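Chain IDs A, B, C and D follow the sequence of writing; residue 1 opens each chain.
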């Protein structure tokens, strides 16, 4: 069953649910999922609607222009996706393989509706995994001096492979504001602690602090490092029996699960960003 | 802000979201929450819509008859609630006070939008708590011989106090099918285990089995004991360090939290029952 | 069954478990719980031993001096507690009652092995609760000008009531370093977030950030505000459907549960502090 | 750092901790982990002690006979393990790869202190994974008629490969009592529900029942199917939005994590079985 999914946000006003539902109904569509949220403090209407393409009267390439006639007067931001057009992902890694392997396994197990034609890394270490999964691997080493030039190369590769979404699966480099302005669709995974530990060696500092819980956060990347809109988070209990290596091991388990969940939510078009926050229609 | 909330389920067909949204929009209503679910295997459409009464053109007592004109051709089951009409609860207890106190405290803290005019018990033990919260307490002892007569008395009290919902907050008596046919809106809290333990002394048996997790389940009461539609569940970790008394203590914490969450979800009209299951629009 | 519990930490060396176990065995004691942890990076041995007093040859008042002969050469820090000597708690509050009520309920339900003879507050609001539980209530308002004088009064009350442990159950005042140097046994409850939000209105900022998880942390109070050794933490899931009030409500549930767990662990002598961290022999 | 670990259980009596600690101390051992539990209702003492072999005076092959002199009068059951002698695992699978891959990844990532020389399956499907990880794969199809003969073959392979532990990583066959009497060290992973669903298609039945939580249980295999001593359990939240396929997907995530945790706990000699339950010295 192929479906179309509309994600839309606009200033709240009366009749928005009706307008969108009528558009789909008038064209013969059957809605199988509709979820709406109103952020009363922001005065914002946010909506996700998914309907069957089978029996829908509008051809796929006409839906967007037809809907624009409705959306424009509402001052809406919206996007339209089709379940039979699989997004193309690039996974970026450095040396750690746990998130990469988890994503690749889930894509093979059909848990992630996407194609993964490209793995990029600033190291050679994980090339064998790419080969094993028959995915092109590009080694793009980064130094302070080469960063600007290499980002240009990275952008070319993203274009060449027609990539829709970059996943930083433990990619230990910061993307420049210039890169992000040219390719803004990037998801990152980041360890998180209660309380937070800025700076280097966070697991060592969490251990020294004797925390009882560690966490991980998957978020869209913005120019404020690790401060982009949060898609998904989770935590694990730890105790004094866990040494720094145990915290790192448990952290890796969290990272791979939280990142995979976030990527899946994104690929199912369940995440709507507004301000620096998200609505997740899960 | 007063709101109206519509819960509706009907056989799935095209245009349902539009029909409902149009009804509200055409009468000047502003939807603040709309959530829809389609159970594809059951061919069922399930929907919750909440809109502001302020500015709505229909008087409250006209909304239901007006909507019935739409609902009837759809073969729909639906209910309409108003946030400014607080449901009236009766809490039934035996000897344990943890769930009762939790509900009373939350009602006072304005977490539960309801009135609680009546506490009923087959024991005297918790009368003092009722007095302390200024709630009428009725002691209705039950024996095998008196059960039928006492249930009649209970039904009369529910009528006299104009009760909308009964909460079994550790009420250690089974309600008869006859009682339930006359008053079907009852929520119960029940311990749950992985694996399950039927019969007496479940915490002792869970201990003997060395379970690592214990749980609690809040559900609507049906004639199949402890088998009604589930509203909410949660679990706690336990270990070999927990003896039977610890399991019971942790179980009580689960019970009061799970029951309070379930009651709150019900009072917010977020729970829609179909078959032996629920949709919880949380 | 009365028991004695020894909590001890000292520089690691061979034979420590044997030395302690021999002391108890030689005097006819039956160990019912023994848990040991070695922090290899700190070179520290930490131990909790609990044994039955019934049949133990040493009178209670002789145990400590007798054990000191063993502990001194080890350069050990240690404390000895008896389960039949209930610690005396003072609960300090401001206006919020959720943590206070939870502690009082649990003490009544015999979940907290302690006496609670004193409630102190910088406001009058919760006096009625103290009265209802037959606990002395002292209103000690604090202003910038009166703080030093009032802390003297607070210390006098703690002495007068023979208090062993102060629990800050949403007490919205900072204790001075001077106070803490005179009465260091204080447990506090604090909201926690991933990421952390310093400063005012943390729930509003957590909402703006769209966090998916909120937490609470119970810790011993030190002069670094909210930075003392952590005893217990827990988290709750939140979503875009939760507004600021919902976050606060869920935060209150977390606070009362995490604080009660921490107090119980402390009262069972399961928490050993070293550096700025704890070992919790749970 | 090589260590020795002793797991011991015996009828409770005074002086047990001292006896064991003295044995290690007298021979120059440094204890790095000691955890003891007394099951008061069973009158049973259970203990785990781990100490450094470096500097220990007894050669490895002499420790067991030397300790037997202490253990015998105590009527103790005990086992001794050395961290530098890696146990040898056989993983048994049918068609599903999620648990197998998780175990193999973790073994490669050095999270599981073990060798994995053998994968056995009643199907051919996962042979490629074995090849990819350079592990011998044996295809042992099972029918009702061939089961006894094939179990003999399986036992021979376990002997040939010198296997210490069998892990049923979604092996969809029941082991016979005869097999288990000859090779009793088997860990299995099993889905679990609140309430439980016996019989076929449990995920479908959990969906029909509208459960809000699903779980998984790792346990030692006994002749009572799925009723052996529990090592580890965990759960995931589900909602009405999750269809049967989603439940299965979330169940797979639970299974791989719970099984891997259980295997790790076993390999670290942290699990002590008594009666039909375990103590997990985690």
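Just so it is clear, contacts are C-beta pairs under 8 Å (C-beta built on N, C-alpha and C of every residue); 3 or more make two chains touch, one makes a residue touch a chain.
Values in this document were obtained by computation on a predicted structure and should not be read as measured data.
Of all chains in the assembly, those touching chain B and also chain C are A, D. Counting every residue number used by either copy at the chain A-chain B contact, over half are found in both chains. Centre-to-centre spacing of chain A and chain C amounts to 41 Å, using the average Cα coordinate of each chain. If you average the CA atoms of chain A and of chain D, the two centres end up 36 Å from each other.
With touch defined as above, residues shared between interfaces to two or more other chains in chain B number as follows: 37, 40, 241, 282.
If you check the complex, the residues on chain A that touch chain D are 98, 101, 105, 109, 111, 132, 241, 249, 253, 257, 282. If you check the complex, the residues on chain D that touch chain B are 37, 39-41, 46, 192-196, 208-213, 215, 217, 226-227, 229-235, 239-241, 243-244, 275-280, 282. Chain A makes touch with chain B in their complex at residues 12-18, 21-22, 24-25, 28-38, 40, 49, 237.
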